[in-house]
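The following blocks contain the structures, represented as structure tokens.
Note that chain A is present in both complexes that follow, paired respectively with chain B and with chain C.
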Partner chain A sequence: MPKLKKQDQSKNLSTLSKGAIFLAFNNKEINYVKLACLSASSVRKHLNLPCSLITDAGSLRHFEKLEYIRVDKTFENIIIDEKTDKDYKKDHFYSKYKIGNTDNIRKFYDTPYSTFNSQFKNLTKHNIYNLTPYDRTILFDVDFLVNNAILNLAFDVNSPIQLYRNAQTLKNTEPDHPTDKRLNDVSIPLCWSTVIYFNKSPMSKMFFDMWKHVKENYDYYQSVYKFPQGLYRTDFAVSISMHLLKGFNDCVDDVFAELPASPMKYMAYKDDIASVDKNGIVFFANEYGKEWNNILTYSEGENLHMMNKRAIDRHYNKLMELYV
Partner chain B sequence: MDDKLEKALDFSNFRQTLFNQQQTLKAKVINELLLTYQESIFKATPELIGLVKTIVDFNYPTVIIDDINENPVNIKSPKEFLENLIATYSKAKNSHYIGYAKIKKARSVKKLVNFE
Partner chain C sequence: MSRGYLIYAIDEPYISMANILKKSIEYHTNDAVTILSNKFPDGDATFGKKHKIHNFWQIYWATPYDETIVVDADMLFLNDYSYWWNYLSKFDLLFPDTIINYKQETIQHPQYDKVFIENDIRPAYEKMFYFKKSLLAQEFFTILEQVIKNFNKFSNIKGWKNLLNHDWISYPPSHMATSYIFPICIKMLGIEDVIYDKNDIFKYIDMKLSCLNTSNIIKWDEDLNYWGDYKEFYIENFKQYYPLHYRNAEIHTL
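Then we have the complex of A and B:
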């Protein structure tokens, strides 16, 4: 590949396409396409980016049958990932992590008082590099709501991969759960795969190839990095990929940089939404270890990773009003 | 419950929520202090503004400044950089001031969190 001079690189930066991409594969419990519509609306409003959706035919049909929101108005491209089901069947995780007849099951909380098990279709997330139609992309999880324009700064920075390395609860404290900070108490720090900026550079390709390699050898890396067994978590795969590519050093550099506006603020599974007004969201922030105790918090103009998906569903229409 | 104790607990809840909302506001302002320049991200702090102003006053043609990831960047136009820093700083601090005034005025948890 010919090496570009620095001034040529900056000249080209403005002509490269940019956009946001979402992966949504519905399961019996969660309508991910519906969540993706909300998240994409927030991206369109605050970042003014074109959005694309990667889904499977079944999820799309299900959504179009039930919902009044037009998916094609929210997304400029809808990419049907034909390979997904086949990939799942071929994947060794398919039979490994299963409860009953369902595979790669995750236990979800909806406040401390309600739980449900649901399939977690995240095994093909690393394919995003090949599927994105943009030169410079921000990959968003469908439960991430953008409420300011700060993430647009990522496009002006000369770092091929940018993601969050730190997170914060609604109470502005470090994550309560140890594996939301490190892979284990004495292991490497966790990097979040919730939002990832990447471009179509050899460096980015290397990162996604490494992610695929870690996924395919997940058991081996589990024994090396000693993270909890069971569910395949893309955050772990991303953290290990970064660690390997950095030569086993934990450092921030100009290749794997931190996204602007770190730490990422998140609403935990046990938190709930109290109400949504015209500017922001009032939350019940649950206290870790004292499940009966909540404090009210108000969030306005902050990007939020909304882990409690059932809470989003309960307030979906009101949340959508924030982004129209 | 004893009336005095109930009042004290209400006050404690209020202080806890007040503290949290102040922290939220601070975090928001820290994000607003970020700006990109020459493909790097900087934080418009008073210290950085002071340094760049000194460089400009001494008529240095360029200056090396660390970005937020501690990578050195050769700033080719310190004067333009200073203008961007000041504009970002002023905008962020103005929003801090407005947010702070709103929190300061609130006398109940409901008011603090805009809960109707």
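Then we have the complex of A and C:
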């Protein structure tokens, strides 16, 4: 095959489609489609990217019934992942993490003072490579809010996979919880699957195939990498996949780059939103280990991973006003 | 200019370890390796001593090479590092500026030796170092001879305070070890600015427990998973690239 000239390459790059994609599967506790609408609005405002939603028919009906709005106003494409429910039921893996009749239960905090259990439907996240309609995609978790345009730089970086390897709390400190830094203190560093840039390339395919392999052999990799048993965390699966593909090394390379504007700032489950004004968000940042202690912090123009989903719900309309 | 590795090893188990290290160097490189366990130019001063480093200063005169990389016996070469030679030949005496643990985390000086750092002496990371037959290296080994021969003068509080030139209470090194005497010699000569590899090319992996950034490990060879041999070696599924200082661990796969 003749080599492309540099000029042709850049021309070629500009014709490749790009967009953002979100996965949302509702459950009894969390309306993920509603969160996806907020996150997609922030992406459209600051990154000006077309957005696609991957969901199932039940979640879509549930959302439209509750919210009286149509998701196709926010998303260009709505992809119904028909396989999801069947996959979940067939997957031998899920029966291991069953509580009662519900699968893969996660305990969620809503501030330190309230908790709830909810199903965590994340087993098919690796399938995003096959489902995305774009040549170059940024996968966003629905609890990620984009508040500046810096992630657009990811499309100019010549790395097939880009994600966050570093995170910081609302107080600009490193993560409090040990498993938000490493899978275990003797093990590999944690990479976040919250936001992932990928293109349609053999290397990207290999990464998502490896992710699938790690998921299918999760127990084995749990014993090798010594992460906590129980919940299937895609962050762990992604971290292990990268480590395996890098030849068992923790090194910097051109294939797996860090997303622009690292570290990723996050609002932890025990943090809360105090108020939302026209430019930014005032938070109660809870102190790790001293649950009675909250510090007011303010964030404006920073991308945010908002882990406390109930807090988003409480301030949903105000947050949405930031992105209209 | 002749080049080669020199392993200082007196008595067992160090001679066995040195032989494994020699095998690992010869597997990965074509470089010459010498194990120095007897035939010291100034005689053997280690007889009846617990810590057998009394002949260490004689390395300069005992090495058969013009350029030498000295390596501790309880190390393992895991790759071909021949590219170091051309870089190292620009220096007369060179120690790693930083070293890493098996997770590829850079070891901070206070993790390695808190007491020395409190006394304003940084660790020398002398488990692997380079020297060329030169004035600076000869000067270093000459002062090393004096420190080894007069170690009792440093290992009491008065001598220690004189060396450090301060009055506050600090504890002198309890026993003769290279990790104590090398930093002392470097401090006495005032050569800290020129003998550390600021480019961070020359380095090794150290399994010192205080440097592993983890708790609940008493013996790394029992508490961490490892597999492989000198061809390739993994600890907790991290493939080790640089020379591994395994610190007397019993690695049964070697």
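Just so it is clear, the second predicted complex is superposed on the first by the 314 of 324 C-alpha atoms of A that agree within 3 Å, B and C clash if a C-alpha of one lies under 4 Å from a C-alpha of the other, contacts with A are read in each partner's own complex, and residues count from 1 in each chain.
Please note the rule applied: contacts are C-beta pairs under 8 Å (C-beta built on N, C-alpha and C of every residue); 3 or more make two chains touch, one makes a residue touch a chain.
Here the structure is a predicted model, which is why all the values come from computation and not from measurement.
Once chain A of one complex is fitted onto chain A of the other, the partner contacts of A:Asp185 are limited to chain C, with no touch recorded for chain B. Touch criterion met: A:Gln168 reaches chain B, while chain C stays clear of it. A simple residue count on chain A separates chain B from chain C, and the partner touching more is B. In the superposed pair of complexes, A:Val324 makes contact with neither chain B nor chain C. In the superposition on chain A, A:Leu296 makes contact with chain B only, while chain C stays out of contact range. Legend: residue contacts after superposition of the two complexes on their common chain; A:Tyr225 is shown touching chain C, with no touch to chain B. With the contact threshold set out at the top, not one residue of chain A is in contact with chain B in one structure and with chain C in the other.
Residues 103-104, 212-215, 217, 224-225, 234, 236-239, 241 of chain C touch chain A in their complex. Partner chain C is touched in their complex by these residues of chain A: 185-188, 224-226, 243, 247-251.
By the touch criterion given at the top, residues 13, 16-17, 20-21, 23-24, 27-28, 31-32, 34-36, 39-41, 68-71, 109, 112-116 of chain B touch chain A in their complex.
Of all residues in chain A, only 10, 13, 148, 150, 153, 156-159, 168, 171-172, 252-254, 257-258, 260-261, 263, 265, 274-275, 277, 279-280, 282, 285, 295-302 touch chain B in the complex they form.
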